[in-house]
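One structure coming up, written as structure tokens, with questions to follow.
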């Protein structure tokens, strides 16, 4: 029997599961779709309720995970097929050509300067550009470059090759082909995380129509010192710094109308944190949070809200809201309801706490693995009460947001929990 | 990964330092005159070899380090290139493969901290690079080989608490192949859940739900169950805890365990003096209500009020107790849908409470509206036909809340279901809470309707108070015994709220379930499995190995004042039998707080000694 | 080996030292997890800053005892920058809270020693604040440049004062007080009495002053026996206080009476085992 | 009395200054005339609106006489000229309804014409006697609501409309166009009051009539609370407590509908037909014209050419190879009765219409009026089960024909903006077909207003109830939005949007004309106009 585990998804849940397993002496194959591990947490600026710097606490884990003698981190790869059963899965992993030799690249970045192609950066939520050869972010692990074959003009049109010329280590190989790996593992942990819902279709919020309406993830990148604006909050319309911010909760979530009747469980706290950070950046920042129910229900959360009110002057208004715009200055006008009376107020910027939804790819993966998903696309646990993370397929376990809304500590706990379950399953399959 | 036999380095041997300066392509070479820096390095004291590489981290660079160690008999290696935070392990491993203790390696960062940040000042950048290498060499001269201490781990676990968390953790450890002692102070397994009627999300009875778990725990060969028992004392450190367990009417049991999982659970807050509790009849807490339901001894009800946040969120305790909204919602639905069953009629029919499937997403069709209308056919002449009474005409449930904490998928859907089933939710503010009083023989609730700005009142037959979970009374004793911290609310405090949710700062002890804060059964069980996973790591390894970045106490200087014990965040300092301080190497993380604190300056930090730091800093201050 | 090509720097900036300008020497103690990482990010992001700071990596800012700082000032550093994680972000949970307390002591002692406290700066720089790191270094370098060179090597009186401050920082009393300060504030003393922060700080300030003066007496009387009056004059401290210190120091067996000058007794520092 | 001769009941409205005085003179002069008339004195014949006549007939009058000063003699200068116009409309409506204009008479009688008064009375009484009794059945006195039952009824409504699902998020208020103009109104407070058991809400609260039932709240409500359904059901209760709407045209339209519901009269509603249009007795496609014929009569002075709309619709169908069946016997769909608390009226009309269409054997019914379509598709099917014929809006049909290549449009450079009516849009979810059909003409550019499609703003009035300041503000806001797009023309797909928005342009408003003066045209008219 195979004493190794595959972890699919390199976010914090996957990293935690991998580390827990690797530390137990089990070989872990961590498959990550994007060029770097780190997942959503890497995009965050701070984390609630301690306002820890997210990347500061994550980066050591990423490095540990990558350099652990028992881990095999396969980035830029996807699981395309699975056979077998618990104790003896055969997993087909498509490792996409990154056109850069991982063993040669030092991530020095000389090639970046020479690449003429600009593409909106996925990591920066499109707020800034990356090159066709890139690392998704500064602290990426592994810190090697990747060529995006859709946009590289050498690959698409056969001319350029600037990066190859710039690379002293000759790490660039335009001839690189996708590779199909076949990996045998005893069990599998799925931790594919979430996506942020695009609120363009809910036109009442004006996202995409009014320049100064942002999503929470965009704001998060903007306020990050390493982000596209170097931590400066600025308006799309005039690059001015806003002072009056409105945060609107439950945009697309808790809304059966748009198909996400569930609560995303993290946005109340997330927006509170964003409002607090605004005030930390500038004393004159005033934030208002429009909410349905302030769901601050884990350790230290309610105290955090109280602190936001008391020390950061964050105003909380119990109302859903819609957005109009003052055409003269592009100031968003938030329309809300206090005591059954319509009110409206002009703000400099509106930040939408959009629904967090399971990734589309997760459903495909579920099909490959034979997992059940609910109608929202969350993967289902077979035992809803005592066995969260155990699935209908023996030997396959879940962790993190893919299994339902969870914040970082819950994802970490689920990562560890899935690791324990994977070991138990293999022990059982091995007749132990 | 296999390591070559490390040759013994004599600490007193004169340093023979090799310096490797990296061009990192043009990343460093473009802005720093690398060859001249390498030349300069040769002039530094004790440097016997210096060279420059295009990429020191490339295989040829690493080879040149290995060769240098052999050829020049180097006993210290300095690499000047990028940041130690990503590349130190690589070079350390290289040194080790050439037989050099990895603690005799020093890293100098001349890329992130020099060439890249002084791209327009090559001369000054070169001067700085020289200085940085000089500092590195000064430090290297004082480096000492270190042995990483290995401590064997007893591969047996201890789980304190026999509730759902404790049982899950114990079973998980057992299933992973480790013997476990499970200690429960009551005579029965199950913990708090035994009080409950059914568990939300499913309508299955609580006892039925945990029955298989209890049976598995009892059946497991690896679980040694200690009922009616308590942990009396715990001494030792990770891998080596000496535990004494006391059982009622039996002799104390002494045993050795490697890791400990704390799962001692929580209590329900008793709302003495609030909302007429213990003053008027039919005012109960959520758990009391559950017990009534479980025993099928509810009184006859027509109007029930739930009051949320009784004592929590800034009243008696500052926190939100996370689960009470969802428990109240569950019970509200039970009352509306299954009231007759709850009255005990079900027992006569021999059925348990029916499973009511949670109605999920409404199909997004415009014609859906018709559903609403069909129930209401009216006569030709506009005369109202017999109006079909909704369930609410039989029994009315009102939930007074401040915010409904129906987080996630299933809670929110259940909340939606409750409203669809005509459970009324009325929001109140802490300034204007509902009032419970008697009017004659009638129990009444009055409230202020926030939106309509109206004072309302209604007769009720029962008031259910949702009170928060509070820590067990013996949490403090437990925390002192285990030397683990409590947070300000009295809950056990995990090592890091974000990334180490089930670890204590002290290695070897783990925490899960409601003893570290309110959680529902699913979350508690998940944490328990997580804690088991964490606890299994040192046991699976069989040893713990501490990086040799620890504090060392000079017991001649130590006066035993104990300040270091007080400041250490990991409980890694203790008093030895001489009454002097001693580092528990396995627990020490090397932050240096004790060293900087020790009033007698009796503590030094390996690999970061005062002498090393001062030498490094002063090297740049010397007049050239 | 191919000579690496230089592409980016076109503009040549003559070192200001050549123009005779003062180039401060600054030591930067950076904690591994936040500020060192922030400095790394600063490099990766190519934010430029002056070359004057020499970083020394430590695991945690809490590692930096006042002695390290004062000793380095004594050795002639023009400025010292301490970088740590933001409060509550500490990799070691609470290390930087102690750092804060220690820095307060360091600043007090620097003031006593006649070193401009501006020469020491504590900054919280997280791993994501690359730009902040460059700003801090640029600003701090400018501050130090404006303050001018550390005169410790030229000014003997200053030298003794810094040495005295260094000595004082290592006294049992100050180290113990600062070490226990947080605990006293948060959980109270053995009797369970909590102390107000301001009260405690007052207490520490008094102790700092006393320990500094005592250390200075010892420093001044190391090579030459001195009278109370003489010490009072050099130290600009009233003689009765000098005398009180001397009584304490004599009790501790750190100072002995030397030859009287006329009727005036003089005192000399007792040097044990020729240490230092 | 053994005389079996029919004695008509006649209501005579006489103006104070001429006809009433004329009647006085007839009396003073002891001139004899039949006793059938009951005189109601008004200050001027200009006061008499068409609905006076209709209401009188509905309430059992067999004939109505309106008498005023001679043209040129009006005490109020030109009041009688207005009366003349109005009575012409009334006469036309009576003709269309099949009641016949003969049941009404307009006569100029001066103060000196006692004789004329007496002779008019005689003649008119004979005229009515000859017509026979008013064929309308006697109105049944309205049912009174039972205060004891109302709480249970309201609870049922709450349940039916899912009003308990409300989490008080207030999103309905934020989008409500009425709440924007009238801060005292919010969809959720109406519901909340009911759920708090405040029954006076039903009998006294006017909010129930303030709502325009545009369903923006419904479409926005995350929990799909059916606010408009709630309001509609509550209206049905409110009227039983005499909490009734104030209707436009004094409720003329409602009277017209009730008349159609009450009896089987030979209507005359196909006056818009033109010889070049091809229609058939029997066809697979039935064209349901709606009340356009009546609207045409009532709003003729506005130059809206409402009759042009069905003409255009038939033209489109003809061009597309369809010869639709059109019936003079269709009755009003009952939408407006249904939305003003008269569900019984709806049922009567429904029966007639559905029987008619079933009898015609049509497989597809085409509507010009979104209200008719909504009523058929949702309300009728709600009550009767699913129909086996298809129901489409003319825009859907046009879009389909264009896509099938059966209909071709001429090129023409123009910029259009489309007003999504609430019924067509939010109630039925039809957004793209009208746009596609309009865009089919090469060179046509569609521009969207700020609030468009499911967020489209309302024309301000629903079911001819509650036209007030709020309505006017909504209309003006909408016109401003349309103007701002820079479109050449605001296209509507609903008779009422056209009428109401036009009303705001035709009447005095606070805003300068140039901010709202955009031509408004019906979709069918535009499409028909660009047919090849």
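Going in written order, the chains are labelled A, B, C and D, and every chain counts its residues from 1.
As a convention for this text, a contact is a pair of C-beta atoms (placed from the backbone, for glycine too) under 8 Å apart; a residue touches a chain by one contact, two chains touch by 3 or more.
Given the structure is predicted, the values throughout are model-derived calculations rather than measurements.
> Consider the two chain pairs B-D and A-D; indicate the one with the greater count of contacting C-beta pairs.
B-D
> Could you put a whole-Å number on the gap between the CA centroids of subunit A and subunit D?
Taking the average C-alpha coordinate of subunit A and of subunit D, the gap between them is 55 Å.
> Taking the mean of the C-alpha atoms as each chain's centre, how many Å separate subunit C from subunit D?
Their C-alpha centroids are separated by 88 Å.
> Just curious, how far off is subunit D from subunit B if you go by their C-alpha centres, in Å?
67
> Just curious, how far off is subunit B from subunit A if you go by their C-alpha centres, in Å?
Chain centroid spacing, subunit A to subunit B, equals 21 Å.
> Subunit B: which residues touch two or more other chains?
Within subunit B, residues 25-26, 54, 85, 362, 404, 416, 427, 451-452, 496 contact more than one other chain.
> Give the residues of subunit D that touch two or more other chains, as numbers and ranges in rising order.
Within subunit D, residues 167-168, 188-189, 192, 223-224 contact more than one other chain.
> Where in subunit C do residues touch two or more other chains at once?
Each of 4, 37, 41, 44, 91 in subunit C touches at least two other chains.
> Please list each pair of chains that are touching.
A-B, A-C, A-D, B-C, B-D
> Which of the residues in subunit B end up touching subunit C in this complex?
23, 25-26, 29-31, 34, 52, 54, 83-85, 109, 111-114, 116-125, 127-128, 131-132, 135, 495-496, 505, 549, 561, 563-564, 566-567, 569-570, 589-593, 595-601, 605, 608, 610, 613-614, 616-618, 620-621
> For subunit B, which residues are in contact with subunit A within the complex?
Touching subunit A: residues 1, 24-27, 54-55, 57-58, 85-86, 89, 164, 168, 172, 175-177, 199, 201-202, 209-210, 213, 313-314, 318-322, 325, 360-362, 364, 403-413, 416, 427, 450-453, 487, 491, 496-502, 516-518, 521-523, 525-534, 536-537, 540-541 of subunit B.
> Taking the touch rule as given, give the residues of subunit D at its contact with subunit B in the complex, in rising order.
140, 143, 149, 152-153, 155-162, 164-168, 188-189, 192-193, 195-196, 198, 218, 223-224, 226, 229, 233, 236, 240, 342-344, 347, 378, 381-383, 427-429
> Which residues of subunit A touch subunit D once you look at their complex with the stated criterion?
Those in contact with subunit D are residues 203-204, 250, 254-257, 261, 292-293, 318-322, 324, 335-338, 340-342.
> Give the list of subunit C residues in touch with subunit B in this complex.
My answer: residues 1-9, 11-13, 15, 25, 27, 29, 32, 36-37, 39-44, 46-51, 54-60, 62-65, 67-68, 71-72, 75-77, 91-95, 98, 102, 134, 170, 172-173, 175-176, 178-180, 182-183.
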